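One structure below.
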Amino acid sequence: MSAEVRVAVAGASGYAGGELLRLLLGHPTVSIGAVTAHSSAGEPLAAHQPHLLPLADRVLVETSAETLAGHDVVFLALPHGQSHALAAQLPDDVVVVDCGADHRLTDALAWDRFYGGQHPGSWPYGLPELPGGRDALRGARRVAVPGCYPTGASLALAPAVAADLVEPSVVVVAASGTSGAGRAPKPHLLAAQVLGSASAYGVGGVHRHTPEIAQNLSAAAGTAVSVSFTPLLVPMSRGILTTASAPLRAGVDLAAARTVYEKAYADEPFVRVLPEGQWPETSSTVGANTALLQLAVDEVAGRLVVVSAIDNLTKGTAGAAVQCMNLALGLPETTGLPVVGVAP
Amino acid sequence: MSAEVRVAVAGASGYAGGELLRLLLGHPTVSIGAVTAHSSAGEPLAAHQPHLLPLADRVLVETSAETLAGHDVVFLALPHGQSHALAAQLPDDVVVVDCGADHRLTDALAWDRFYGGQHPGSWPYGLPELPGGRDALRGARRVAVPGCYPTGASLALAPAVAADLVEPSVVVVAASGTSGAGRAPKPHLLAAQVLGSASAYGVGGVHRHTPEIAQNLSAAAGTAVSVSFTPLLVPMSRGILTTASAPLRAGVDLAAARTVYEKAYADEPFVRVLPEGQWPETSSTVGANTALLQLAVDEVAGRLVVVSAIDNLTKGTAGAAVQCMNLALGLPETTGLPVVGVAP
Amino acid sequence: MSAEVRVAVAGASGYAGGELLRLLLGHPTVSIGAVTAHSSAGEPLAAHQPHLLPLADRVLVETSAETLAGHDVVFLALPHGQSHALAAQLPDDVVVVDCGADHRLTDALAWDRFYGGQHPGSWPYGLPELPGGRDALRGARRVAVPGCYPTGASLALAPAVAADLVEPSVVVVAASGTSGAGRAPKPHLLAAQVLGSASAYGVGGVHRHTPEIAQNLSAAAGTAVSVSFTPLLVPMSRGILTTASAPLRAGVDLAAARTVYEKAYADEPFVRVLPEGQWPETSSTVGANTALLQLAVDEVAGRLVVVSAIDNLTKGTAGAAVQCMNLALGLPETTGLPVVGVAP
Amino acid sequence: MSAEVRVAVAGASGYAGGELLRLLLGHPTVSIGAVTAHSSAGEPLAAHQPHLLPLADRVLVETSAETLAGHDVVFLALPHGQSHALAAQLPDDVVVVDCGADHRLTDALAWDRFYGGQHPGSWPYGLPELPGGRDALRGARRVAVPGCYPTGASLALAPAVAADLVEPSVVVVAASGTSGAGRAPKPHLLAAQVLGSASAYGVGGVHRHTPEIAQNLSAAAGTAVSVSFTPLLVPMSRGILTTASAPLRAGVDLAAARTVYEKAYADEPFVRVLPEGQWPETSSTVGANTALLQLAVDEVAGRLVVVSAIDNLTKGTAGAAVQCMNLALGLPETTGLPVVGVAP
């Protein structure tokens, strides 16, 4: 790991960009090159990311192919729709890790329905813990980092649908902190609105992460999986607590389900099926690239219920991005990635 | 409304007791008599309820049949299992409104499974907005106030199951503030644990409110309704945001569903189906005896999704209790009950 | 109180406007006329104030002298600098209650230094609890509602400086919820920024409320009072907790200080000096027009320390405005104003 | 740094203990030995510290001289009053780092007044950034880690009093998250009490950290410094935002004050005087061993105002403890200590 990897972060003024930089500062073989932004170009990075003390002297430069040139790895943490054109201008041998949605969906119809316009195509999908998910990422030069909700939901349900523990019809309700909504100031994200309040949004299957969850679970299941997804906004900064359930196949009990999950994640460094009786809390994952899971079988209702906790900015975005960079570069997958949360 | 109603509140040191007193202070025909507690008896009420300025000179007295005697209405806000024996010592013509669980369940087997021990029997159930729910409450002398989660879930789903819009198999995920867990100090309810964290508990059908939700929905449906219920703890003091869904019957669309809901709640003073496009936020209900609802039809997943917001302490507990007192006494049902939330 | 008072609220889409409407809905002799806004004119009020169910059918109209005409009372909850010109267009016999800063400062130099431009002059100052403060408000036709910080600080310190308990040199540090910063979306007010963080701003005497605090205290003292004021932003929606201290005059002990405070506020319906040992919490004042105070004497440091709690939107803004309207109209001062907070 | 240092943590079930373990897991030359507790002995560490995944298989053992034997370093994170007797049973050549208060105060009278009973004597004081503070810590075998408030206040004011920028009479108001109050469940620390509320406690010079602040500042000043200290509880888990001020000496302006502070902390790896215009937020320090400072001169009030932000559990407790261990063992002082906060 002696050779230094030079990385750039586009969108460094936002939350995903800040988390990327936080993690990259702790990565032993990385050196941080350009930090770019658009409307904040020319401003000190510290005005936007005051917690990144070692980068306090950095200045944001304009996001462009020129400023991003000359790096081994380019992380894109841009508003949806901006990655495609920019990435096209970067050399093929540069590792481009896109935290945006542009290249996640393989289905052009789903793209059109949820994002609209020309389908920009798909890239290797950055959730190595999905069945077979790691293969396409080793040595990849383009990576689409999953959405935060799809990460929580897919890790919670993929083993169940892959092992046919449940019918391919799942209900996902996920409570998220507000950093997942980004840093652009919007009235409903004001602290005074969010503090003391819980709300749902994108209800009825209209949230853009719905087809991504369905894509992941259908691939895992080998058959189309129906997904009812409802995201909730709750008064915290980070974290997604996902509650996922589906009708149990006949004869599946908790022991069988646990065996499937434990086997599925036995070798995963970042996914942990908790001991029985211990339920995930998002606080345990704050700042860590981990996903914590627990299962229950509701015999009366006949459903498997799985709960997962992640930090939307870490395993849900920037941590996954670094994990994928490691795979792309042939580094040990866990390099530079914390597994200990900052709690309480 | 000239005759004064003299009321007592047992369990006045807790959150439900405090909310009862807050509402009763605003009730025009009530005078507040005994305020009782057990371990805090002898202490000033203000040490526990500093927000109740008009009662700042009150002292908590021991909860007993003696201290509760001589009132027209007795509210019981006691730990589960303590109401039954105490109520048995109160005269039959006193209105006893029990905020505890002792007399909610009609099914002795469900009681035994979820609470254990001898079934104390059931009282008129204090959710007047359920189909036919108001009748048994008019003039009642014993009332069992619903649990907070069952209130949110039942209001969200009863019209759908009653009108057969959906299959009788529902999934409920409800995010609650922590006041619902009461005021007894427990490590997992400490602010440092709760702030910045979301978690699930009672997963897999084991939460005690599960059979109560099933009881309500089955009665509304006229057939057994299967309930998968998962409660979440999120970092707020008050409020429950319930996400409820069920498989749509063939041919049901959003317009049809809205019509059913709007009709079901057309004359209800405390339940509001919001205009299309407006989704409930718990902050809108803080301190108010209201339930706000919105619906979506997920055509791809084939599910009706209903979201409801209540304040767990008001419509979820103490407001419902006062509403039931009004019905029991023949007062206008809305007397003394706020419909305007304290937001932001 | 039989004659109905017709009121308008300008700036009804903001936090102060929403709180005014919430209180006015509970006022027995008021009918709510025009609700106005500027950039949101034409939108449903419910899109901005979903908690005001009884006004759910109202539409915001453009703020102008025309739309505000024909009311007995006009409340202005506008950005600073907009009240003066608008008020000048309203008839002299209309009661205009300005929640903005335009007419608070009597000193043109202070105005110029902290706000800049032409001094719009001063109106009767809406803090009746100040020494002699009530006189100018009875029958007034123009009222300048105090800033939220000056309310907390002035109530905490006016008795001490008036009675010469302390030297005229005070230090005020006040922790505020973020609703005090208004509803215009700004990056530093996003929930993700505010949750889990405390910060100071306007440090070093540059906050605009500094001269207002000095004006109030100097008037109470009869001599110039030096004010060091530091506001803090903490992760809550409502509330200001003010810590105020000053060097004790020789011979002043706690008993003497308490006597002064108790006497100063003995007849005040909205200010309460708490019993010894009980310290103010902002939660006790949520939604209430109250100020709670407690005192300590630090003998080692030789300082009187006073802590006050208010709700910045109620006693700190909208409640004070309604209280002043009551005085202006000759209504009982407490009409329609809650004294019970919504806690927890 | 090749030789491994074997450490034990006593009080591993609490917040300070958990933070110690979190940091020690990231320390390159440390191996974690015994993790001990008292009432939780025998329970899995994971039941108390679910975020410490690498220690998920550890079991808490009883805190005793026996279980703590055989380690190079013993961290004590015990309730006040328990460290002294325990430490006396540990060999003299073991590095004992006490996060409790037992050995912080040098003045037996102050000890008796604020803690009561026999003065246990003082140990080298673990705030290396104080003038001369580092010397006594190099090679020390006993270290008293400062209180969290004294750390924030002393770093904010020591340069000012040492350089005689101000009169020796300071006012400190510090807003803290609730993890500083520990993990023992107490009613006023319940989330429902804390959320949405700010309060003061220990007002009037009675908080136990008051003499510790005075001790530090008096030592820095070379003369007795009078301290008025008021701690606030605000709704966050971690962080202390300290506002400190004092009367300016004649002729001191901002430039002079900044020069003093920048010089005082020029070589400190963990203390940063922010650029002009940037004010500290506690979120920037979450999980980091840093203190961020900013200054203002209030010319009208004639006071220097300094604001500091720390994480009470990191620089305020466990980070300082590890920093002191590094000094005691002759390791580079910054080993294993994060300087990047987890924000937002």
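Think of it as A, B, C and D in the order they're written, each chain with its own count starting at 1.
Note that a residue touches a chain if its C-beta (ideal position, glycine included) is under 8 Å from a C-beta of that chain, and two chains touch if they have at least 3 such contacts.
Treat the numbers as computed from the prediction; the structure is a model and nothing was measured.
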Quick check: more C-beta contact pairs in A-D or A-C?
A-D
Listed chain pair B-D, A-B or B-C that repeats interface C-D [over half of contact pairs the same by residue number]
A-B
Could you work out how far the Cα centre of chain A sits from that of chain C, in whole Å?
44
Just how far, in Å, is the C-alpha centre of chain D from the one of chain A?
35
Would you give the residues of chain D that are in contact with at least 2 other chains, written as numbers and ranges?
15, 177, 179, 192-193, 195-196, 235-238, 281, 283, 286, 343-344
Per the touch rule above, chain A residues touching chain C in the complex are 15, 177-179, 181, 183, 185-187, 189-196, 235-238
Which of the residues in chain A come into contact with chain D in the complex?
15, 18, 22, 25-26, 44, 46-47, 49-54, 56, 179, 195-196, 237-238, 272, 274-275, 278, 281, 283-288, 290, 292, 338-344
Contact footprint of chain C on chain D as seen in their complex:
169, 171, 173, 175, 177, 192-193, 195-201, 203-206, 210, 226-230, 232, 234-241, 243, 245, 279-283, 286, 294, 296-303, 305, 307, 309, 343-344
